[in-house]
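In what follows, chain A forms one complex with chain B and a second complex with chain C.
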Partner chain A sequence: MEAGQKGLGKGRMNGSTKDAITAHRISRVLTRNREMIQLSLQACMHCALCAESCFKFQSSGGDPGYTPSYKAINSIGKIYRKKGRLSEAEYREINELVWDRCVLCMRCYCPVGVSIPSLIACARSVCREKGVFRTYDGERNA
Partner chain B sequence: MRTVSLIFHVLLFLVPLLLPAHNMILYHSIHARLPAMPAQLADWLTVVLVLLGGFFLVRRLAVPRVRVLSTLYDYLILVLVLAPFVTGLMLYHHVSSSRWLMIGHIVAGDAVLLAIPFTKLGHMPFLLFSRFSASGEYAWKPARRAWGRGA
Partner chain C sequence: MVKAKQKPLEEIFALIRGYKEKRRPRDVLQVLTVGCGGCTSVCMAGGQREVLVLNEELTELARREKVPLQLSCVTVERQCNAQFLEDITDLVQNADCILSGACGAGTQNLGDRYPTKPVFPALDTMFIGVDVDVGLYEERCRTCKRCVLGLTGGICPLSRCSKGVLNGPCGGTRSDGECELGGGLRCAWNAIYERLLAQGRVDDMMEIQPPKEWLERGQGVLVQRGFEERYDPRYDKDSA
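Let's look at the complex of A and B:
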């Protein structure tokens, strides 16, 4: 018992315990935001009108990968559908979508009223729980 | 795009509601009717509506940022919405005397109405509840946007 506590204290958790805790934390984020995610994904008309309001889309020369709804659907949408059980490679792709392709300036405009920044912020929360996030010292944690 | 979308959505309501033939059926069943527009005008507006629907379809196929988002579901929804208008046009112009065309028109119209609460078509009646209640500079709420609760 003491050894176990000591091990935990020093961050020497075994892999499966760590995975279980991560899965639980991701599930908690998804449960907390379930209504918002579900409603937003259902309401999105895939019209891509939000693209015009995104400066990252404009400055990329119209790259469809920068469309705000594309970023939301392929990040939190994917995470939500698969209940957070995504591969490392998929999380890395999401990492790029929600950190590199979006700065959360909150200027994206949806004619239906979907709060795209809320969806991206939620995807970032899940990624942080997974240990996949942006660092600003030149190194990326993934 | 916004103008096209606005005209499309307005016609989607106006044409079926103010069509003389629909109002005649309404009058025969409940002895009340809405003001009807001239049949020829309704005919032209239906043509415009179908063309605008075609524009949406072409936009989905041709514009990369829309194409990456489009799924089979989006195309089916568009076909479902246009089906009553296309069959209506065919009926008005007596393209076929088959009663199946009339049945198809009625079934297509009913299918659209039934699909509204269960599909993305719900954005039409529920737009007021979603669009203007989402915090933003165009909404009724103050222009303060919050990230998702706890996100």
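Let's look at the complex of A and C:
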């Protein structure tokens, strides 16, 4: 999610101001979803049963990197633990996890009721705030 | 996927300006532009990048026209799914009106979720189509609810024939296989014939199709096979 960037006159901000605003917005997303993230990460038993319901996992030939829980833990889990303070390279890795390896079809099934799509969507929101998101014209995003 | 294009900037601005002058003449109008990370993002009409640019252009236009607007924006993963709209509740509450970068379905879903906020469309939804190239899309489906592709070699006569002739061709096919309307448009029925000929099943196109029941086009509801017990006998979205 990306909020209010243009309303604040992005072009006239210096780098540190922009970084501070981005950090604030990321923090806002994480705060808003804190309970859901904490509960979900604690509830996940790493049973990998969710893998069976993921068509991306199936079509990858069973690559563990496509397991829904892996994608959630290594995206929003990592973001949450580091309070959003990740390097550009780490955000690019997460971008690949939450966009290339997940289409948010919402079919993943968790036996303990973790909403994996909500976690992935939250990771995408943070990425959007960071300006790292999927584009469709072959150009790199901001 | 659904394909859409952005409305002319002046039209979008007129929608917002009209609302402001009638309802909030003395306020600085808070407008929240909501992008969609789904189909309209793929066709580069209402995704995160597009709504950022749109807000920039609207801000500039409002400044020139001396209309006090405060624009902010947010992009959700899919506006056609209420689950993804929950995350923007606080932003919506602080806005006077919403500008949606989604298709007609997403825009309506946004309006249904936040019924006290006026929702304005920033896009015109065009069709269900395919990506021919970056920024180039072609219509392939008119959601007629009774697909005939099985008999027409996988080419839809409704969306690809200029006249939407269901039992064609119309007689206006040129010798080079183009439609009589010209413009490089291929005659869909000629294409259907050629494909069926190559597949050895030209007789399929001889089957007469009854007219489509367009008059019954009320609100479409789809209960997928296997979910009948959950939603039937009377589908009620409020209890779903």
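Just so it is clear, the second predicted complex is superposed on the first by the 131 of 142 C-alpha atoms of A that agree within 3 Å, B and C clash if a C-alpha of one lies under 4 Å from a C-alpha of the other, contacts with A are read in each partner's own complex, and residues count from 1 in each chain.
The criterion applied here is as follows: contacts are C-beta pairs under 8 Å (C-beta built on N, C-alpha and C of every residue); 3 or more make two chains touch, one makes a residue touch a chain.
Here the structure is a predicted model, which means the values were calculated and not measured.
Student: State whether A:75 touches chain B only (first), chain C only (second), both chains, or neither.
Tutor: A:75: touches no partner chain.
Student: Mind working out whether A:46 is in touch with chain B, chain C, both or neither, as first, second, both or neither?
Tutor: first
Student: Let me test your reading of the model: by the given contact rule, A:136 touches which partner, first (chain B), second (chain C), both or neither?
Tutor: After superposition on chain A, A:136 lies in contact with chain C alone.
Student: After superposition on the shared chain, which partner residues are touched by A:95: those of chain B (first), chain C (second), both, or neither?
Tutor: Neither partner.
Student: Between chain B and chain C, whom does A:128 touch in the aligned arrangement: first, second, both, or neither?
Tutor: Touch status of A:128: second partner only.
Student: Report the partner of chain A that touches more of its residues: chain B or chain C.
Tutor: Answer, by number of touched residues of chain A: B.
Student: Pick one for A:32: touches chain B only (first), chain C only (second), both, or neither.
Tutor: After superposition on chain A, A:32 lies in contact with both partners, chain B and chain C.
Student: Contacts for A:119 in the overlay, against chain B (first) and chain C (second): which applies, first, second, both or neither?
Tutor: first
Student: Which residues form the common part of the chain A surface touched by chain B and by chain C?
Tutor: Overlap of chain B and chain C footprints on chain A: residues 29, 32-33, 104, 106, 117-118, 121-122, 124-125.
Student: Could you list, by residue number, the parts of chain A that touch chain B in their complex?
Tutor: 29, 32-33, 36, 42-49, 51, 57, 62, 64-65, 67, 69-70, 73, 104, 106, 109-115, 117-119, 121-122, 124-125
Student: Within their complex, state which residues of chain C touch chain A.
Tutor: Interface residues on chain C, with respect to chain A: 35, 37, 41-44, 47-49, 52, 55-56, 59, 70-78, 81, 83-84, 87-88, 90-91, 134-135.
Student: Mind listing the chain A positions that touch chain C in their complex?
Tutor: Counting only chain A, the residues touching chain C are 1-7, 29, 32-33, 104, 106, 117-118, 121-122, 124-125, 128, 133-138, 141.
Student: Spell out the part of chain B that touches chain A in their complex, as residue ranges.
Tutor: 1-2, 5, 63-71, 74, 120, 122-123, 126-127, 130-136, 138-139, 145-151
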